[in-house]
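Mind having a look at this structure? Questions to follow.
For clarity, chains are labelled A, B and C in written order, and residue numbers in each chain start from 1.
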Amino acid sequence: MESLFINIGNLCREKVVELTEVLNLPEAFAGYFMVLIYAIAILTFVLLNAIVLVYLERKIAAYLQQRLGPNRVGPRGILQSLADVVKLLGKEDIIPRAADKWIFRLAAVLVIVPTVMVYAVIPFGKDMIAVDLNIGIFYFIAISSTATIALLMAGWGSNNKYSLLGSMRVVAQMVSYEIPLVFSMLGVIMIAGSLQMSDIVAAQKDMWFIVFQPVAFLIFIIAATAELNRGPFDLPEGEQEIIAGPFTEYSGMRYALFFTAEYANLISTSAIAATLFLGGPSGPWLPSWMWFLIKVYAMILFFMWIRWTIPRIRIDHLMKLNWKFLVPLSLVNIFVTGVALKLFSGW
Amino acid sequence: MVFKRKTEDEVLQTERYQINLGPQHPSTHGVYQAILTLDGETVIDVENVIGYLHRGIEKLAEDRTYTQIIPYTDRLDYIAAMLNNLGYVQTVEKLLDIEIPERAEYLRVIMAELQRIASHMVFIGSFAIDIASITGWMYNFRDREKILDLLEMTCGSRITTSYMRIGGVAEDIPADFIPILERVLRELPEGLEEYDELLTGNEILIGRTKGVGVIDIDTALDYGIGGPNLRACGLPFDLRKVRPYGIYDRFDFEVPTGENGDSFDRFKIRLDEIRQSIRIIEQAIDNIPEGSVKSKVPRNIKPNAGEVYHQIEGARGILGYYLVSDGSTKPYRLHIHSPSLMSLGVFPEMTKGELIQDAVVNLASIDIVLGEIDR
Amino acid sequence: MYGYGLLKGLRVTLGNFFGRAVTEQYPERRPFISPRFHGFFQLDLKKCNGCGVCSLSCPNGAIQVTSERDENKKRFVTGYKISLGYCLFCGLCVEACPRDALRFTQEFELSSYRREDFVCDLLEIEKREKICSREPA
């Protein structure tokens, strides 16, 4: 069980090497093919999980509100997401006449690209990182922050006032909250002494970093919720004020792409939280990838619980919370971590 | 170097733009349109556009007999139909100058207060959903359901009750009504506790509503708003207390007031009023006499020519009916003074200069029902 | 402390997460409809003499009653059409009936696809049901 996926990967590699030999291709091609296989595997993981999460979110929301939630399609409604996908596929693809057509189209594609790219550095299990970069965390931060541009494009391209207002909120919010998010990660990185994901996981062999860095974890959770545009920080979509924010004009599969990207972001951020603070894929008895999934889903459930309980924050309070509370607190946290490291590691 | 403050022309000027809040919008509580002029996120100007739900009920009433108007009053403020019924039938009774049986008076009080609780619960729920706490909305509707079941038990309908009749009420309550009502009254405070924990104490809610959409007493009086919105400004003006109608002078209850007249006070005062309404119902259950529920009123009601104005404390404020009779079986003119229309008038004033998110909260906090505004 | 209110809210929702659903499970479980519910109409043919008071009392004029007189000058109902599209379900007709011939049933699934279907002939329905039911008439 433990090395199930690794074995599958190795099998693929063997076959690919054989194939390149048979076809008489240069050796480098084997590497390219493997990248393709990894990409497909990750995409499958992301899409499958997104479908599960749509159903899960609705069920969780329903249970929190003493309802049953989807229960029509399939037993207990588990096929609801599939029905939704079919419905979205069948919908007319509407592009408003006044929209900037290329930006409008491009935004829906661009939003999914960085979202999938960050999965390259996520440790799904022991030795199960697609690319174990030595700057893994840095890569995650850099790539995930580019998603802002896609959302701004969506808002601008729609040529709709609600969309523009929403996308402006996206930019303001995501750029601001990037700072405490990164600062909260710094504490972990300082203890682990590395930006590489596998090193960070290995450093938590004895004790999870949530124990050493509870404040950083709190900041990370708050900033991550804001980065995900979820929960109390769903201003960009703020249904009550601006209909659906940047997504107002999107329909059909284009809308589904945004939706998928949102859930894919939720998974990747939960995965990062699990890796940085909850020991990543390590754990007793069960295979490592199973531990990873358990931790990720625990984080996701927590995010959902928050989303369906807490009302939306106001935009000026959002900025105040960031600049007057989270950023100073994360700086203090870095300082304290540094001092503590110096004290305990001895000189 | 002396730091010089930039004048208004030197500061970066952004283009002002208008967005439509409604008539189809997730948070307009019906078909209502507000044209907001925005500078970024700040609301500069608000223009109310009403009339999308106009059905001409006042005109329709001129072609109906006095009894036949009762079902139409259900459709004014469709969240508090019982109170509309009450206001209307009391107006006609005032015109006819008839007495109604004791038991009917008590039943009216019980029903009216139940309806007030149900209406305030819709308010709390829709307020919660407008600050995006959707779960709070569900909990309110769960508890409102119990009250609607009671109404259905008595008058056969959940929303459009048509329960009050000229000279009494339509039917006596069923035998198992009082025990179920007592159980519901015991359960309601638990629900209120839950809303308090989920919403009232919530820091984000407090942050979003405290000091937002402030109306002072003078402005409130200038605009003629009444009810909970006025009491939230600090004026203990409750028609049940100051000009008791029916048998309200027999009940012991308090008039909760707010302090600042902001959205939070308007939210909190409704929670308090639910508690007071529970008190009134409890007293009514203790004192309700036996007897008939409808006095002898001729089938064809023909009041003498004349006019009458009567007002009651509706769920949203002062609900008034002005009735002119020309001596025939149909009223010459019926005018409805709807509290929501008064409240909506102050909406632009309280929202100017605040954020678009506050505009939504303000609109929710004055608790408008479009059926009543457009009539 | 800032944030305590949020935690209390989280506790409330978590508590309800493990509770039971309170919503109506409509098609699977039929809802309880109180006996006084204003649903569909039922006309007692034995009692109704077609006087038309119900029609007069209706605020919207949704009821059309036609009647004839037999050889004994006794009036009997020949047609009773009620237009549900105009009906307010206020119950004034039921209340007005001097012989208690008209009453409400608990049937609430009254939607139909066509506008014409909203005009219901209560007489027809009564006759049809009498044939269908096994009880002796």
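Keep this in mind: a contact is a pair of C-beta atoms (placed from the backbone, for glycine too) under 8 Å apart; a residue touches a chain by one contact, two chains touch by 3 or more.
Treat the numbers as computed from the prediction; the structure is a model and nothing was measured.
Central chain by Cα centroid: B, whose mean Cα position is closest to the mean of all protein Cα atoms. Note on interfaces B-C and A-C: more C-beta pairs are in contact across B-C.
Averaging C-alpha coordinates per chain places the centre of chain A 45 Å away from that of chain B. Taking the mean of the C-alpha atoms as each chain's centre, chain B and chain C sit 28 Å apart.
One inter-chain figure worth recording: chain A and chain C are separated by 53 Å, centre to centre, where each centre is the mean of the chain's CA atoms.
For chain B, the set of residues touching two or more other chains reads 135, 139, 142, 198-199, 202, 204-205. Residue positions 64-67, 308-310 of chain A are each in touch with at least two other chains. Counting partner chains per residue, chain C shows two or more touched chains at residues 6, 9, 12-13, 16, 22.
Chain contact summary for the complex, chain A toward chain B: residues 61, 64-67, 161-162, 165, 232, 234-235, 238-243, 308-317. Contacts from chain B toward chain C in the complex involve residues 64, 67-72, 74, 135, 139, 142, 145, 149, 152-157, 160, 162, 170-171, 174, 194, 197-199, 201-206, 299.
On the side of chain C, the complex with chain A involves touching residues 6, 9-10, 12-14, 16-17, 19-23, 25. Taken in their complex, chain B has these residues touching chain A: 17, 19, 25-27, 38, 41, 128-136, 138-139, 142, 198-199, 202, 204-205, 207-208, 355-360. If you check the complex, the residues on chain A that touch chain C are 60, 62-68, 305-306, 308-310.
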